[in-house]
Amino acid sequence: MLFQVEMTVKLPPDMPAEQAAEIKATEKAYSQDLQRQGKWRHLWRVAGSYSNVSIFDVEDNAELQELVSNLPLFPYMEIAVKPLCRHPSSVRDGDA
Amino acid sequence: MLFQVEMTVKLPPDMPAEQAAEIKATEKAYSQDLQRQGKWRHLWRVAGSYSNVSIFDVEDNAELQELVSNLPLFPYMEIAVKPLCRHPSSVRDGDA
Amino acid sequence: MLFQVEMTVKLPPDMPAEQAAEIKATEKAYSQDLQRQGKWRHLWRVAGSYSNVSIFDVEDNAELQELVSNLPLFPYMEIAVKPLCRHPSSVRDGDA
Amino acid sequence: MLFQVEMTVKLPPDMPAEQAAEIKATEKAYSQDLQRQGKWRHLWRVAGSYSNVSIFDVEDNAELQELVSNLPLFPYMEIAVKPLCRHPSSVRDGDA
Amino acid sequence: MLFQVEMTVKLPPDMPAEQAAEIKATEKAYSQDLQRQGKWRHLWRVAGSYSNVSIFDVEDNAELQELVSNLPLFPYMEIAVKPLCRHPSSVRDGDA
Amino acid sequence: MLFQVEMTVKLPPDMPAEQAAEIKATEKAYSQDLQRQGKWRHLWRVAGSYSNVSIFDVEDNAELQELVSNLPLFPYMEIAVKPLCRHPSSVRDGDA
Amino acid sequence: MLFQVEMTVKLPPDMPAEQAAEIKATEKAYSQDLQRQGKWRHLWRVAGSYSNVSIFDVEDNAELQELVSNLPLFPYMEIAVKPLCRHPSSVRDGDA
Amino acid sequence: MLFQVEMTVKLPPDMPAEQAAEIKATEKAYSQDLQRQGKWRHLWRVAGSYSNVSIFDVEDNAELQELVSNLPLFPYMEIAVKPLCRHPSSVRDGDA
Amino acid sequence: MLFQVEMTVKLPPDMPAEQAAEIKATEKAYSQDLQRQGKWRHLWRVAGSYSNVSIFDVEDNAELQELVSNLPLFPYMEIAVKPLCRHPSSVRDGDA
Amino acid sequence: MLFQVEMTVKLPPDMPAEQAAEIKATEKAYSQDLQRQGKWRHLWRVAGSYSNVSIFDVEDNAELQELVSNLPLFPYMEIAVKPLCRHPSSVRDGDA
């Protein structure tokens, strides 16, 4: 089951640089692990911003909550979620 | 080059049913043709709405404008565009 | 799987009274059928408005889309959807 | 008498972890006590967020204010309230 | 139990003048009847607008819905409701 | 001359508890003094919030500014003002 | 007593040209009469728009409502009102 | 003197096609004339929309109002204006 | 050339009182100097707020930027600018 | 390929003056280097603000992201991006 998730990172301006670097590294590893599992199906940067557009493929709402709320950057992001489903005009098999 | 395009259809309530059906049929054919060409890479319905989330893969901004402004439903949609690019944490080859 | 759906009805002011009455009657029957099936778990009026707050219990996003987009009042409503899941502090068994 | 209450938690990023943990524990106990009394009738997590959707069942507006303003997380939440009442199409006895 | 209700009238520009006059006359009679019953406790015009600020005194949310949704101008108004209760600093007996 | 004033208190989360308590006590005394003078005609809590709805009765705009800007909580509040006048449908003598 | 009033004209696109011309002519005469009386103290066009910024000088809120609600374009305008008073840094005698 | 002007065209859906075509042709001629005079310095389409971003070079605010309010599409556009001036970091002579 | 400028002061709550007093004193002197020069033509307080409505009379956009960006409170204000010009219905000579 | 980029600088009020001066100097050098390369085609100040309107000329979305995200002020700015393309009414060769 697919969800579009848009995330905008807003780090506090007084966060020490090392702390920020560490959170970002953990976030990257966490994200890549979920991508390799197929749970985080797409991940794009929105050009000119510190935002991304993502497509998650999860079992249900509860799994979406588990994956998103455990993001290392979760406390520092604005996040918008939209449930997706197959579009009647889609010809692409993988976008079920 | 990728763009996220979100479209919400707002047909005038007094549009005759046949006219609406015809526009939607033309839209579907147009959309499926672009999908088969690989220009309209993803197309999802936002569940509980008359909106979609789409990913376009175009040569440049001019081609995006050409494809979107020729949508049969273009005069009846609210459309939001975001330029996308590869995310530094992405592991997916196809999402260049 | 639960979703909160908030609907606000905006009928065109020039819709004939009989047509409005017919759509509302069909909507009521449709809604009560879904309630009896357990798909439309809760339905409340927001006091002082022509809006409702609803909780849907569906198999997945696709079923949500099917149920909501077939509402007789669907073309005349503003609809906002939020995916829900169990809250870690909930003590209520039924709110899984 | 029912109210929909939507709460979004926004903890200051510099709140010490122990202090946050303590407030959350107190909040959980407070919430579960109200749930067991039947005052806090439903509590759901909004998937992908640090928000909840709740249904309160109170005597009157004053009791709503008392229960909500005493939430341990009250100073750190954005809260939206909607008064609810029985929907004319509802078939569910408990949703009076 | 008190509620603040703010109403903004938006009549369709093509409504015939006689129809508008009739609705307004019915609205006035309905409003004055509720004021005399004590249900519509205060009614002020917002200066420079076609809006009012009102205080309703009702038994519960259901009565608020009944009174407001039966306003003759209800289909032509934007309405915002806020539940009120006694303020701890109030010295005014009547504002319970 | 009447004004509706809506105030929402937003204390900085790191304000020391004693300082907050002192400001609130001064605010309460100031408010009750104005209420007894008849300048602050109504004061209600918005249920489920740290906001109030107030009706001020002042000589003119300048007096409104003087009273509001001297509120001890003034630097910590979001304040919205609406000028009020008698509604043509009002039957209540005191709401001139 | 001064008020800033900002007005944006939104004529229905299907209003016959003669009707629009007539309303505008009546509006102009009404406005110039109030300007000559000193009630409508300033009137500026916002460049690049069909909006104006105005300063009214009235006895009280009730007179503001009377003058504004009798504008021939009143049913076709979005209007925002702000009560003004003397600024403590003002050196201009006339801006009392 | 430079102004950024952003225009979004919103034609009424029931405008006859010939009327729309005529207005657009007049608009195009008017725009190209101003461009050739140097008054309308830049004109870009926003990709994926029926909007443009323009830079006007005018004598003063009054000329901006004259040029913009005489656009044939003026009654059918949402228009936002920003006054521009030389940026202290600009190295481009023409962008005075 | 005239501009409407609306300024809302938002001082950081932890700014020391002496620093705030000093900035405000400098701001007052700066403002009164510009008023006496005729550059800052009107200055009004918005009643019930820490905002003002101002009319500037400047040579061009560049001078507006110079005057506004040098306000001592500039880093602590939200500022909105609207270019003004003579209204075709204005009868007031000074409001050119 | 052109993009409109609007940037609003929001420096934290407690950033030391030397640090702010250093970031601004680095920003200026970075901006002027990109201007000289032709990547940052236009740069204007929005009069009365700490904002700019810019036109970037880049290879693709990825280059836009690279240039914008490396701005020294990037962590302290609100940034809005719009993809541009040639307008069918444009007569200006350079605005391809």
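Order as written gives the chain letters A, B, C, D, E, F, G, H, I and J; numbering starts at 1 within each chain.
In this section, a residue touches a chain if its C-beta (ideal position, glycine included) is under 8 Å from a C-beta of that chain, and two chains touch if they have at least 3 such contacts.
If you want to know which protein each chain is, UniProt gives these names: A, B, C, D, E, F, G, H, I, J = Muconolactone Delta-isomerase.
It should be emphasised that the depicted structure is a prediction, and the values quoted were computed from it without experimental measurement.
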Chains touching both chain D and chain G, listed by label: E, F
Centre-to-centre distance between chain H and chain E (centres being mean Cα positions), rounded to whole Å: 44
Separation of mean Cα positions, chain G and chain A [Å, integer]: 50
Whole-Å gap separating chain B and chain H, where each centre is the average of the chain's CA atoms: 27
For chain J, residues contacting two or more additional chains: 2-3, 45, 47-48, 61-62, 64-65, 81, 83-86
Touching chain combinations (by label order): A-B, A-C, A-D, A-J, B-C, B-H, B-J, C-D, C-E, D-E, D-F, E-F, E-G, F-G, F-I, G-H, G-I, H-I, H-J, I-J
Complex interface listing, chain E residues touching chain F: 2, 4, 27-28, 31-32, 35-36, 42-48, 52-53, 55, 82-92, 95
Residues on chain J engaged by chain B in the complex (per definition of touch): 1-3, 60-62, 64-65, 81, 83-86
Of chain B, residues touching chain C in the complex: 11, 13-14, 45, 47-50
Chain G - residues contacting chain E, complex: 3, 5, 12, 15, 61-62, 64-65, 68-69, 74-76, 79, 81
